[in-house]
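Lettered A, B, C, D and E in written order, each chain numbered from 1.
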């Protein structure tokens, strides 16, 4: 009880202090934030697995509990939060409000994972949502407004869908604790149950950027303050994933019992989610391929990666669940890494427009190395955590017989190479622009955070069994099917085996062989200058635009234009137009300004009501 | 113990053998193409001479560390992929990873090369890479559809399992029951090998040999080796999935036969535009593959 | 400093048997190349294949007359090739200007600007002559006879000075510092000569014939 | 004379409906003025009409034929007051309501004066600067 | 002896003594509202402990006036519901009166203060009275004073707004009176407990009953800002002086709401099906209000429309009265709305002080020019949006849960759609307030540091918002009591009439 209060107090007190003292000294706000995150982690470490009760509303006990899943998610959250707070040392320009809201946001996110009842869950959920909005705005400028408003609107809509789902469950079971809901969920009629779970999944889906609720995500991710984006995309979206997990865990068993909902050996919700996940992954990665701005590209990539997780959750067997949870961690790690690197690039160069960058490998080699590491994980190259999770997801898809969605997922993964290469090429490779000649490497806080993120990426890539082990423990504690055929370095599924360490050692040996072969070849000559290139004998100067980065995949775009034309955005814009139209009609009718018209309305209402009285039977 | 020792010896010698055989494949390809074009053609060992020459060249231009590492990574990536594909009933490392692992290992090589090309900073190289990646998006879908149908048919993603199921003569090869998938995969293979009509990435007349534009000397030598291994690996996938593997000799015979088909097409076809190539993969081969996949799903 | 030598033995053999050429199709020699490469004569028998970029090439073919404008590109391409590298001049135009002997904008003697390893005479040489020339080149390379790139490196200042007479070498040379220095020297010299110039001198200058031959 | 009037208005002739009827009539006249007339002053007058109608209705609820006013005097104290006087409550209510009505009317008219000063018109459909 | 009567008597005395204070010093009348409300608030707070005793956990005292016991005499009831609404009114009035310290009211200033006190007095009377005609009288006191305050600027706009308000308000209160007449004509009593008892016992023809319901809803709906009767709201909010606006939204509307709830719940009773009417009115008001605010540029009008939407939400919650949760949420929301909207209007007044432009473009970037005021404004705004850490979260949460619990899922969903629209325009507003650089004119306007007392009052309100947002149990007992008082008729009747 007290430990939980200390934990909450650590973050909220930190937020208050950062807000109040931050305007006096920039050092103070950074220090307080850093300290609060570390202190919070220490406090969390002492909490162990336990349950806490707080008396909150009408003396009701709201429950916060910590189990293995909570620990997994919270450590993920706190880890990335630590990275962000580390990176924030180099960002004095952010306002104290940002720091305060960041701490509140971390608190809200952690509380979501800890909450065990409807009230505290929704409280934390909303806390997490609005603080993120505040952060977009606190760093905010003219052009960010629309992204912020869009994010806020969507997250409110999502939260309200969640609220309705929860309230239906509450109305049907009269319980607010999850465990009690599970116990009495048998009393809920099928219709209400389906409604509730549809609302819940849709609501959580908004946060998890599930198509067609994804439209806010790219804008919001790309417009959020740069150091925070990694957390935003890596962790906040995971709350939606967690919510879907919770909803499925508590309700899916009940749904399984409804025979008419069974398709393909699982409930129709699972089937729908598999398709939605696959389409999200595929569509978003195709869009990501055509982005011109680095943050937009990564943002769409996030949407795509979240599609993988939703896909895997839909499969919902041991492989699917393992794949989803491991990909949640994988995505958090590599997306935080990539966004942090991009934040560093933006800090040094001031832009994320990829055509304006280029050749930064010469000036920021460390950033490049870790961008490659993050990219390897993103593209799912073996030896990184990205492959471990993706591989399980593929096996799950094929093993579950979801052949077409799996094909889409594969295509999405190939598209990931396309956009990833575009990202790393346009920013770090190619010719260096004149104005970036004097760019410096990122400060120490940045590259320390890179290293901290890269370690688990490789560790879980080489020891996939360790990751699967953690997740199996979680799934077993929830009595869900878990993958048990694993050793430290290898994982075996019904279809095949993957041994991360063998691949790693093999590749290491191959790399050594390659290097030996390379050094057999003798000396090389360093290029005389940046323009020492084969250009049909022509010599160009530095002003000449040699950076092939605008419209990188033009030919692809041309061929896929029919597919890219299908846009949820346009549909929503139409809806928005419609609402604005109705709003104007409403405004001009009921508030027309003529006092007499108001009296007319009054008389009409009175008449209608009086007349309707005659319908009443005595 | 002895078996393990043998295995390790095999793992060490296999790559050398494959490199030499791959270079002979390339030489044979030149010879065969020449004969089709009514020329005499170079000797069949010409590519070995080329590689020796390339490694003996002095002072090839270097554009930076990643530029050097790129070909190395390409070579190493192909080498490690090679170890995960069973050759001639020898499992090598393929008990430690299945087809999907191999598919993703295959990506390391192009990725490394792409990074190297990127640091080279030649726009033509980058265009080549962009084309190659686009092409990859095209054929990967077809490839995956075919592979999924095989996995669905056998219920396993392990190469050795699949090969074991095909043992017992020509009639047991999967090319017969999974003919459509095999056809689709062969089309995809044409793109994977970069043979015409899918040689847009390297098209010498358009982008000055594309990704290779800045690579000379030993860099090019490494890339030649990478290409040589690549041909064996890529045709090997087809051999293992549809032609039932076989002993070492027959394995290479089948592999060369697959390559030979690709060569014949290469010799007589002009080049697609890249957009057309991409669209081609997503229409006919994909449709054939999907029909095959549906048939497997229904009949299974 | 040990003097660089052309490769012999296995390296030389491989180099001779695998010549990748970059052909600079400047004149009518370009017309003679296709028959040499295709079915009738099939140059690929000798391992000679066309390459798209100088990075991959061993052999630079100058197939005809060179204007000053083209010369710049040729020099640039030549300098970008990895060593060992060989230059073959086709036809009389590369020897002494040929039928363009009095043209104001072509260069007359290619070996003043680039180290030529082999000339194939004729106007133009027929494919048989070309094959003959290549065979000699291959045999010579195997024996380590041709050392054009070594000469170019050792007499770089000489070649650069000659090049500077006809073109702005600052932009087109890989070694920018050397080019800058030589260019300045040549300009200074020229300025001095203009100061004491008579009409006769001006004519001389206009001919722009460099003096001397490489050692 | 008073007898004649008494007879004329007696329930046997017209019934209490006359009061209700006239109150409804007043209400409707007022409503008509309020809804149809454009002049602010007329609308204000309409409001007073409505009020009068409601007041009449209120007082006619408590009116009982033949009873005296609810003023306690000696005569009434002798008998049972509740049976001899009309209900006093509605009268009290109406008194209050009339006072309130006067206040509202005064308020309305004073605002009308300001409006006339500022807008130069009393037409209600032209006084709509505040809208939407 | 402290008695609830003082809550009415003291302001009445103070209101009419304002001119006398004015004779002593010109500056003294400025202080009168504050001291009046300080005293009344103190009295109210001192009375609060008496509420929470007795068997049910709360208590209802009936205070007779002039010694005649109910049902014959007029009585004041002081139960949790009345006290709760009185508390809302006093809090908002106190904060607004602090604002008056630095506010130059339009001449004649003394009358302004007088009317100011009278509005609050009338509203307090409405929530405290136990007699329905008395309620009408207090309603008229409130509304006539409000008309006058709305029109007090003596500009064309204010006169226009005042006239519109007067038209709707006077017609509405006449209809209310008509309803009272019908009730009295049938049941011969004016005491609310008595009326409730008779209706409960079925002495009233259902048709008459429904007619009364209709008249009451339409009559009181003007003050409670129901949909077609709320045409005056945006105009009045736009034209009236800022302290008056905060009073209008925080005090007058709440008094109207209380009257509606008291009449429909206690007198008529929810078993008669009035709840459906409330639901329909509520949802229409909510959606209409939120939609109208969507594209509004003038912040005062925007807040007015938002206020309409919030009132719609409260009415909707009252309509979900089958579930006590919705009812609790509704009352809670009434509290939150009064506090938050009052806070927002007062803050807006300071944001635009010395500047007098109220559209978003002119006030853009005020977050940099007047950070503290804007911060307070934002707290009110976030509370209105129903975000956690602010009190609005709990009430919205309870309302939606209660609505779904009482079976009205569709209404809950529609209400949430309205909330999403609310999010959109408030988020846009926040974007304007913080997202731009302030104009020169705005930077040169009156500094917020010159408005210390007003900021004190607002900080006081903001503290309430956050305190309740973090620890809702601070006030939930009160609300539970209020709900019980409104819903359990027998308790009310027996408390007033002394047992049946």
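FYI, contacts are C-beta pairs under 8 Å (C-beta built on N, C-alpha and C of every residue); 3 or more make two chains touch, one makes a residue touch a chain.
Worth saying up front: this structure is predicted, and the values here are computed from it rather than measured.
Colleague: Return the chains common to the contact lists of chain A and chain E.
Modeller: D
Colleague: Can you tell me the least number of steps between chain C and chain D, where a step is a move to a chain it touches?
Modeller: Graph distance in the chain contact network comes out at 2.
Colleague: Can you tell me the least number of steps between chain D and chain E, where a step is a move to a chain it touches?
Modeller: Steps on the shortest route: 1.
Colleague: Measuring from CA centroids, which chain ends up nearest the centre of the complete protein set?
Modeller: Central by C-alpha mean position: chain A.
Colleague: On a CA-centroid basis, which chain has its centre farthest from chain E's?
Modeller: Of all the other chains, the one whose centre lies farthest from chain E is C.
Colleague: Which chain's mean C-alpha position is the greatest distance from chain D's?
Modeller: When every chain centre is compared against chain D, the largest gap points to C.
Colleague: By count of C-beta pairs in contact, what is the leading chain pair?
Modeller: Ranked by C-beta contact count, first place goes to A-B.
Colleague: Taking the mean of the CA coordinates per chain, how far is chain B from chain C in Å?
Modeller: The separation of the two C-alpha centroids amounts to 40 Å.
Colleague: Hey, how far is the Cα centre of chain C from the one of chain E, in Å?
Modeller: Each chain reduced to its C-alpha mean, chain C and chain E end up 96 Å apart.
Colleague: Roughly how many whole angstrom separate the Cα centroids of chain A and chain B?
Modeller: That gives a centre separation of 36 Å.
Colleague: Would you kindly tell me how far, in whole Å, the mean C-alpha position of chain D lies from that of chain A?
Modeller: 69
Colleague: Would you give the residues of chain A that are in contact with at least 2 other chains, written as numbers and ranges?
Modeller: Within chain A, the residues that touch at least two other chains are 525, 532, 534, 536, 587, 591-593, 595-596, 599.
Colleague: Going by the touch rule set out above, which residues of chain B reach two or more other chains?
Modeller: 56-61, 208, 213-214, 217
Colleague: Counting only residues that touch at least 2 other chains, which ones in chain D make the list?
Modeller: Where chain D meets two or more other chains at a single residue, that happens at 34, 43, 127-132.
Colleague: Of all possible chain pairs, which ones touch?
Modeller: By the stated definition, chains touch in these pairs: A-B, A-C, A-D, A-E, B-C, D-E.
Colleague: Which stretch or stretches of chain A touch chain C in the complex?
Modeller: Chain A residues touching chain C: 525, 528-529, 532, 534, 536-539.
Colleague: So in the complex, the part of chain A that touches chain B is made up of which residues?
Modeller: 359, 361-362, 365, 368, 372, 376, 379-382, 387, 390-391, 394-395, 398, 401, 403, 406-407, 410-411, 414-415, 417-418, 421-422, 424-425, 428-431, 490, 494-499, 502-503, 506-507, 510-511, 513-515, 517-518, 520-527, 530, 532-536, 546-548, 552-553, 555-556, 558-559
Colleague: Can you name the residues of chain E that touch chain A in the complex?
Modeller: Chain E reaches chain A through residues 160, 163-164, 167-168, 171-172, 175, 205-207, 210-211, 214-215, 217-218, 222, 227-232, 234-235, 277, 288, 291-292, 294-295, 382, 385-389, 393-394, 397, 400-401, 403-405, 407, 409, 412-413, 416, 419-421, 423-424, 427-428, 430-432, 434-436, 471-473, 476, 480.
Colleague: Residues of chain D touching chain E in their complex?
Modeller: Interface residues on the chain D side: 34, 40, 43, 47, 50-51, 54, 57-58, 61-62, 87, 89-90, 93, 96-97, 100, 103-104, 107-108, 111-112, 114-115, 118-119, 127-132.
Colleague: Using the touch definition up top, name the residues of chain C that touch chain A in the complex.
Modeller: Those in contact with chain A are residues 53-55, 72-74, 76-77, 80, 82, 171-172, 174-176.
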